[in-house]
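Down below is the structure, laid out as structure tokens.
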Amino acid sequence: MTGFHLAADKRTTLEEAVAHVRDGATLALGGGLAARLPMALVRALVRQGTTGLRVVGSAHSIDVDLLVGAGAVAVCEESYVGFEQDLGLAPAFRRGAESGSLVVRESSCVTMLTQLRAAEMGVPFLPVRGLLGTDLPTLHPEWGTVTCPFTGQLLAAVPALAPDVALLHAPIGDAAGNLHLDQPYVLDERFAHASRVVVASVDRLVSTAEVAAAGVTVPAHVVTAVVEAPFGAHPTSCYPGYAYDRTHLAEYVKAASAGGDAFEAYLDRYVRVEEQTYRDLTGAERLTAWSASDEQWQELFR
Amino acid sequence: MSAQTDGRAGAVRSTDGWTLDEWFVVALARTVADGEVVFHGFASPCAQVAMHVARRTHAPGSLLVEGATYAVNPEPAFVPPTSNDLALHRDAVYRMRFEEFFDAACRGAVDRMFLSGGQIDAYGNTNVTAIGGMPHPKIKLGGGGGGANISATIGALTVWTTRHGSGRTLVETVDFLTDLGHVTPAGTRAELGHTGGGPQWLVTELGVLDYTADGRARLLATFPDVTVAQVEKATGFALAVADDVGTVPEPTPAELAAVRDVDPLGVRRLEFGPSDLARHFGPAA
Amino acid sequence: MTGFHLAADKRTTLEEAVAHVRDGATLALGGGLAARLPMALVRALVRQGTTGLRVVGSAHSIDVDLLVGAGAVAVCEESYVGFEQDLGLAPAFRRGAESGSLVVRESSCVTMLTQLRAAEMGVPFLPVRGLLGTDLPTLHPEWGTVTCPFTGQLLAAVPALAPDVALLHAPIGDAAGNLHLDQPYVLDERFAHASRVVVASVDRLVSTAEVAAAGVTVPAHVVTAVVEAPFGAHPTSCYPGYAYDRTHLAEYVKAASAGGDAFEAYLDRYVRVEEQTYRDLTGAERLTAWSASDEQWQELFR
Amino acid sequence: MSAQTDGRAGAVRSTDGWTLDEWFVVALARTVADGEVVFHGFASPCAQVAMHVARRTHAPGSLLVEGATYAVNPEPAFVPPTSNDLALHRDAVYRMRFEEFFDAACRGAVDRMFLSGGQIDAYGNTNVTAIGGMPHPKIKLGGGGGGANISATIGALTVWTTRHGSGRTLVETVDFLTDLGHVTPAGTRAELGHTGGGPQWLVTELGVLDYTADGRARLLATFPDVTVAQVEKATGFALAVADDVGTVPEPTPAELAAVRDVDPLGVRRLEFGPSDLARHFGPAA
């Protein structure tokens, strides 16, 4: 499905990195919920003006919502998009789905995992538990069923899914693309092995020895390009560096809920700018305080 | 309500009162049996807190998989309002990989999952995808996570909602069937080849229900400020009612202390509307 | 397929540990080739007099050969049994296969992996690449084929395989059964999750904190019993503790090749004794010298 | 032969001679193209040494997966006589998991694998299971590891044997087909749906062969002490012979130095019989 990427130095800029994402591509976004989302890359993608994406993955939030709001997404195939009980439904995603401008082919975590595993294992399909009796298959003409050749049991079956590009964010990585992640890895490992192109941003580019000492989670040979982007997951968390920015996320949700000019103003202020400007505006540095004490950590969530 | 403490953080005297959100979490916690392997999904603060309460009270031998981090038996100092946060890993010796948890759930090694939904029918089928159905939703909900797979295979499900009283949650037919109850339009679990036991408990802000042999929700107990008639009125399907409907057993001081200790930020309260947050019980009420 | 094992203290003796292995059981052996094989458990199994085993796994050596020689095995379903170019073919295994006393249903690494994955994933079968056109399926009436419901392609298919018991060896573990392994893990992780019962021996029983600091490879909740057995992988390696004992392996191969009284004498001297006696006799301690220098390491292989 | 060195360990002067085992490994190494992802299985000392020689000479950009440890691009100080040994991880930044490597091989991300066999037919099908076939083997060989799967999917195969001269290795029909060549009794690779390219090179202690368009082995070059007639006599199938059969190109000093540096224990020699180990070439012969 995918060959390895053997260049020794894969460092590049955000702009060049997201040039791997063509209009209409199937795009996997790393991280999960409001943790370790590849937000600097997502913002660069919005600046690039990409359209027609099919985004695939498990449970996501501002990454997908921002891309939908910016008009980059044609089809959404995640298992969840939202801000949990904290900030509620995903405004742009919801508006797109309800207006019909966004096609939502909702998936489920195990089903997405199984499709990626099929690509990773080099088989055209895999059987998967569940799904039968639910309405999810009505959104997926490409799914089917298979009869177990041994037990005769009918099971759901799904085709292999190899994303064109995966965007991942890691706390540290080296020039060759070796990445260290902290758990949970969510689907990042599977995206890395199943996707044709893997573009990674890292909070800090470090020596190979430093990544090796921390433990290589995603090996260089599956990574196509790597970009240093400090606070590159902000406003989502990327521990051990920084926590979730509840204030900024609330500001985003408010703008996205209002839509129109308010959303454009958000884009102008935070997305259509240099990342350095974004970091300064959001005061992302303050989120490193989580590690000082449990009290300071809790304060970030109040 | 401001919880009086006896000097130790989170501990309460038995003469204190308690709120509905606390009692609700305790009722959810009691659905966990000791020795079970239990899991909640994301966007589930009440279930999240309840699992820790169970482990700290009557179910110390349960194995808790912290949803969205897949950390095993962590001891968080607080529950943050987002489910994939390092705060939830605290002191966990092991964190499952994503696929490791879901494989275990698919093969039947997980005993219980907590599931909620924007709509829930009599059989415990839930809709977390879209009010008004797809592809033309009236309200697009967040989505079901892994429920469409593992609701089929996990040993037993505790279903919950904090919006029973709205009259729009317990419905005759879900607009979209995301997670599997006992009987779907396509057949029963057995007919569909699903290995899990399906919904065992339904806990709502009005009361506690179980499921009859034919897989339909049955009212067992109400909170003391709720009548059976109110529950029936709020329910969109013909509700089975146990012969001896009682009151939900009161929380013990240890249970209340556990709720308050696990959840100092009160994330459980995010699931309730203002009128339910105002419900107060007990001696100090 | 398998429930978790939640007891807090799973420590036991070699004898009680192998009592989990009943006559006729399907048995998975951890490690690979001549590294990290669960030899102390295998020796205890021979002492127990177990018979009729179906052994399953990838590439193995003295573990399988010793069990075959001792008459414990009815069916062998490994992908390789031998001592590589160093010490050659596996004598007892070979004799059993050639005499017909041992049924060899040879498997292959990916096929075995796929069968374990099916068990782990809770599906009754999985498709797998290759096999078609080879003669391996002639040894496996339980394998089959499946047509991809999407591409129409015919693929090999194999049924789920959940071993009754897996025997694993780890350098360190705690009383609850958390195990740390060094790479390669070979199939140990898959055995741990796919098997009904997992019995582990460890060179050193340590605190949970020490295992956690090293990294938990196999979590306690899939482990049924744990036994402290210093040099428990000997004469195979278990780094970072000790290297491969070429001298002892050669002695084994010589005895097994001769068979009859020579093999019985090997069993009497090394297997039908206490593990402490075995360690003293074999001088296993000297194998820790590998870490002193590359020169001393090389000397162990001359 | 005792290698003269110029003072640096493993380096040799161009006036030194070399042995067949060294030359054989060099010939194997040359089948690796720069930039390829290459793998050997266990019980393969010659292939193991050859991959490191390739990386240290003409193919520095290849990615080497050290068989049975799955370590990526290690720099071992020596090659031990067993394939799953920590000595083979040296300086590797990353070690694949077992399933990670095999998945990559199955999906086509691995470009080349080295394969040998007790029997090899004209199409490069190999038997590493049993002389005399199964279930009643005359000689039960060790078994095929993962070859029955990944010989179907890996980009190209380098097949080798050090026992061509026995007359019993290159055979008309393998007694048991363990690993896939170009054409099997059940059909071609294309007919069977296999995605890999199959055997590309066959290196033996007599010479170097490639494969014709119809998938049969063809002699390209012999070692200088071997005639074409000897090769034909030792081959159990009708052997295609190239129009311009030459001599295997001599090893360069750098290649010989790499062989000796990588393999100070001489594990490559374990694959050869005494008469082949005595074969010596070059100025000092």
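Chains: A, B, C and D, in written order; residue numbering restarts at 1 for each.
Rule of thumb we're sticking to: contacts are C-beta pairs under 8 Å (C-beta built on N, C-alpha and C of every residue); 3 or more make two chains touch, one makes a residue touch a chain.
What you see is a predicted model; the values in this text were computed from it and never measured.
Enquirer: Would you kindly count the fewest steps from chain B to chain D, each step being a jump to a chain that touches the current one?
Expert: Steps on the shortest route: 2.
Enquirer: When I count C-beta pairs in contact, which pair ends up with more: C-D or B-C?
Expert: C-D
Enquirer: Could you pull out the chain whose C-alpha mean position is farthest off from that of chain D?
Expert: B
Enquirer: Roughly how far is chain A from chain B, going centre to centre by Cα mean, in whole Å?
Expert: Once rounded, the distance between the two centres reads 28 Å.
Enquirer: Just how far, in Å, is the C-alpha centre of chain C from the one of chain A?
Expert: 39
Enquirer: Taking the mean of the CA coordinates per chain, how far is chain B from chain C in Å?
Expert: 43
Enquirer: If you look at chain A, which of its residues touch at least two other chains?
Expert: In chain A, 121-123, 128-129, 153, 155 touch at least two other chains.
Enquirer: For chain B, write out the residues touching at least two other chains, lowest number first.
Expert: 106, 153, 195
Enquirer: If two chains touch, include that pair; go through all of them.
Expert: A-B, A-C, A-D, B-C, C-D
Enquirer: Name, in rising order, each residue of chain D that touches chain C in their complex.
Expert: 42-45, 68-71, 77-78, 80-87, 89, 95, 97-99, 102, 105-106, 129-130, 133-153, 176-180, 184-187, 189, 192-195, 264-265, 267, 270-271
Enquirer: In their complex, what parts of chain B are in touch with chain C?
Expert: Those residues of chain B that touch chain C are 35, 37, 61, 63, 72, 93-94, 96, 100, 103-104, 106-109, 111, 153, 195.
Enquirer: Quick check on the complex: what are the chain A residues that touch chain B?
Expert: Per the touch definition, chain A meets chain B at residues 32-35, 58-59, 78-82, 84-86, 89-90, 93-94, 97-98, 100, 103-104, 106, 108-111, 113, 117, 128-136, 138-139, 153-155, 182-187, 189-190, 237, 239-240, 243-244, 246, 294, 297-298, 301-302.
Enquirer: Under the touch definition given earlier, write down the residues of chain C that touch chain A in their complex.
Expert: Those in contact with chain A are residues 121-129, 142, 144-146, 148-151, 153, 155, 157, 159.
Enquirer: Hey, which residues of chain A end up touching chain D in the complex?
Expert: Where chain A meets chain D, its residues are 1-4, 6, 119-123, 178, 193, 208, 211-212, 216, 219-221.
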